[in-house]
Amino acid sequence: MRQYIIRRLIYSTIILALVSVMVFGMVRLLPGDPIRAAMQANVDLTDDSIVQEVRARYGLDRPVHVQYVMWLRDFFFGDWGISLSSGEKVSEMFWRRLPVTLELFVGATFWAWLLGIPAGILGALKRNTYADATVTTFAIFGVSIPSFWEGILFIYLFAVILRIFPPSGFVPFSDNPIQNILSVFMPSFVMGTHAAGTLARYVRSSLLEVLGQDYIRTARAKGLKERAVVIKHAAKPALIPVVTIIGLSWGYLVAGSFIVEFMFAIPGLGRMGVDAIFARDFPVIQSVLIITALNVLAANFFVDILYGFLDPRVRVQK
Amino acid sequence: MTNQTQDLEPRRVSQVGLRAIGRAILRHKLARVGLVIATLLICMAIFAPFIAPYDPNEQDLYNVLSGPTAKHWLGTDNVGRDLLSRVIYGSRVSMMVGVVATAMSATIGVFIGLVSGYRGGKVDMVIMRITDTVMCIPGLVFVLVMAAALGPGINNVIYAIVALGWCGFARIIRGQVLSVREQPFVEASRAVGAGGMRIMFKHLLPNSMAPIIVAATITLGGTIMLEASAAFLGLGVQPPTPSWGKELRTGYTYLERVPLFSIAPGLLITAAVLSFNFVGDGLRDALDPRLRGEGKKQ
Amino acid sequence: MNNLLLNVKNLKTQFLTDDGLVRAVDGVSFDLYEGETLGLVGESGCGKSVSALSLMRLIPNPPGKIVEGEIWFENRDLLQISEDEIREVRGNKIAMIFQEPMTSLNPVLTIGRQIAEPLELHRHMSKEQALGESVKLLGQVQIPEGKTRVKAWPHQFSGGMRQRVMIAMGLGCNPKLIIADEPTTALDVTIQAQLLQLMKNLTRDYGTALIVITHNLGIVARYADRVNVMYAGRIVEKGTARDIYGDPRHPYTVGLMASVPRLDQDVKTKLLPIEGQPPDLLHVPPGCSFNPRCRYAIEKCHQETPELVKIGEKHEVACWVDIRK
């Protein structure tokens, strides 16, 4: 088992390294000279010698691969650069906004599990009845509706008309717990519905597949009640592919957060990312991309470990 | 004795049949609905100039942000353009991006996947690590950064989507190739002297079409979603070209004043994505072998 | 003379598929005595597995349904008792061993757990007791080192060993009847012999009746006391192994015997396959379902379906023609 963990860890590290190269490359493609952007606010651009000096300071006069290594080294030691838009240290921005986005993620996951898992189970157990059809339709709906539209509808209904939730803005938990929950409710729900739809479909298909297996027939032939068959024999094998999806979903919540934080004016990492992309704020973009990839890799890593615990066959494989 | 049996059968048959028939209708129903909607939207895109009542770019600054009226069924936008026409023309962007990006992703992805699966070894490993790397960044984020990097315009959005989209197809076809590769008919071809490419295209590819078709349909939906999301945030077509995502963005700004503005484009995006997902789902069910446990005749 | 254990009367099981109604079991009647080994023979699709599953009411609904018949076991008609009651019979009084050992065991549960389960359920043993008993059962099916093996996972066992585990699982509650559905088809020939001998010994030691379902005539000849030959959902001939092998009377049985190589035949004897195609269960011909392939068919065979008629002490056949003539 330990071998398995180590293998996964090495693999993730390699991919992370490749991602860093990719991110570096992508950001370099962005138009606009970072120096000019940085200096716009402060210095007269016509003086070329000053430009050269600042360029040297940022290390932009060195060859590309050296810049890459410099960037990696700095990043590893916590220096993520300075935001070109606000002048703040990127790492400070990150740590300030992380809890906000994390709260959204947790909320979204909560909704996804609450709605998705029971729906999927229901669909599988009541296969081909109207209940199943309803579940499947709602699941596909959840996946198909654009989160920004869903957000708009919710805002209109609950904030404008019914005035239950605030239409936008974020109140930290430490300031006012109730307002915090209210301000986070809609955004996390919107983020969660997409994942809920995916989860429902996968839970349903996974459970159905397991229920069709021979060993379920064996379990029934032993005289077990249907309920015991499902819980003792079907649940664990069915859970295995579902766990993988849950891991992937966590990683993809980032994309949802970009839109949702933007719409609901939530000062989280997603909003930071969107603003940075439009402002061509390279240091921030780079850091956001790396963190996003790290998030995805970490989620997949944990899921793989969990997989190893659930499925004994995996531990022996290459 | 025979008569008794016949009495029993019709009653029994109807009890068993209800469920089976329900299933058939159900599955096909969803896919059918999806197909109908998708066809309508594609027609809307193709025949936009004939369907739209106004020129989508014609401004009427005396008639700004009106609600639905007799002249403008969906009202006007913030510079007086007819919303209905803009929404109809918006379908062109979405459909075009969807079809083109999916086709390109599929072509590139299938080719790379074939090579990767068939060659195996180092080539396969490298290609797979590349797909792993690219897929580490969630779709929307990747597309936003890429599109921002490449520059404004809808073409760059398409390239950005393709740069990510090929991975899914490559993986699917690679999986197919791996399972089909060891089968006897491939060995037979090799024994006769067929080369790699020939085997890949003539034998491996046709046998792997089913999952590709399903993936393409679902990718189409996803692409439309990506384009609309990017447009909502501000990337994509340049003004004044209408796009559903962009219209929705404007609508959001004026939400309280003219709520209808936000309903129409969003509804259409949902309908487009939904229809392709329904069709893809139906296709997948039809092309998959029957789930076990049903109809065992032993 | 042993007591009557199982009495099946006119069992009919049908499946409603997209293509139509399949009469998988179309009026099957037979009996079984305590401790007896009955062979149920026929080609794929003849309804033998469905018959077995019907005995335990394990037919998936949809799309299948037992539409008629009586299954008398321990003074009760198994088709009429409640769901709770039939569950008490399954794994307890009647146990079943399935064809595919590779997929019939749950991959995420240990062997011990799976063998212990019916023990806890029906014999109300505690976890420890059941585990101890599982170790003993593994010994009975000749899997050594039971104490460690009990914690193993199915994927660590070979096909033959998994089938032994299935047997151990079946024996746990000391059932009156074990139904083995093609128990050895998926295994190597050498393993097949071992396994069947094991089953025969165990059933003899425990006094368990055994129904062996197979298309392998060799197994049946060696291990079965009596044999039922099935075709297209009906039993066409019944008899002792000697009757069936030495004096087959139904054209289908004759065809089966002639199509299998025998050690006592001359090497040059040709194998005679049975002409025609296996029956399409969606469109069964009127009269005797074997008539399209039967070389002895007469007019009556196309019109009326023959019933089983006694022609010897334990020998019955359903045919309008006496093929000896």
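Side notes on the structure shown:
Labels for the chains are A, B and C, by order of writing; each one numbers its residues from 1.
Here is the rule we use: a residue touches a chain if its C-beta (ideal position, glycine included) is under 8 Å from a C-beta of that chain, and two chains touch if they have at least 3 such contacts.
Just so it is clear, the model here is predicted, and its values are computed rather than measured.
For subunit C, the chain whose average C-alpha position is most distant is A.
The central chain here, found by comparing per-chain C-alpha centres with the mean of all protein C-alpha atoms, is B.
Counting contacting C-beta pairs between every two chains, the top pair is A-B.
Measuring from the averaged C-alpha position of subunit B to that of subunit C gives a distance of 50 Å. Averaged C-alpha coordinates give centres for subunit A and subunit C that are 54 Å from one another.
Centre to centre, using the average C-alpha position, subunit A and subunit B are separated by 22 Å. For subunit A, residues that reach two or more other chains under the stated contact definition are 213, 217. Contact with two or more other chains is made by no residue of subunit C. Within subunit B, contacts with two or more other chains are made by residues 19, 293-294.
Interface of subunit C with subunit A (complex): residues 56, 58, 87-92, 95-96, 98, 100, 103-109, 117-118, 121-122, 153, 155, 166, 169.
Partner subunit B is touched in their complex by these residues of subunit A: 14-15, 18-19, 22, 26-27, 29-31, 128-129, 133, 136-137, 140-141, 143-149, 152-153, 155-156, 160, 208-209, 211-213, 216-217, 251-252, 254-255, 258-259, 262-263, 273-274, 277-278, 280, 285, 288-289, 292-293, 296-297. If you check the complex, the residues on subunit A that touch subunit C are 213-215, 217-225, 232-233, 236-237, 240, 310-313, 316. Listed in rising order, the residues of subunit B touching subunit A in the complex are 19, 22-23, 26, 30, 129-130, 132-134, 136-141, 144-146, 148-151, 221, 225, 228-229, 232-234, 245, 248, 251-252, 255-256, 259, 262, 266-267, 269-270, 273-274, 277-278, 281, 291-294.
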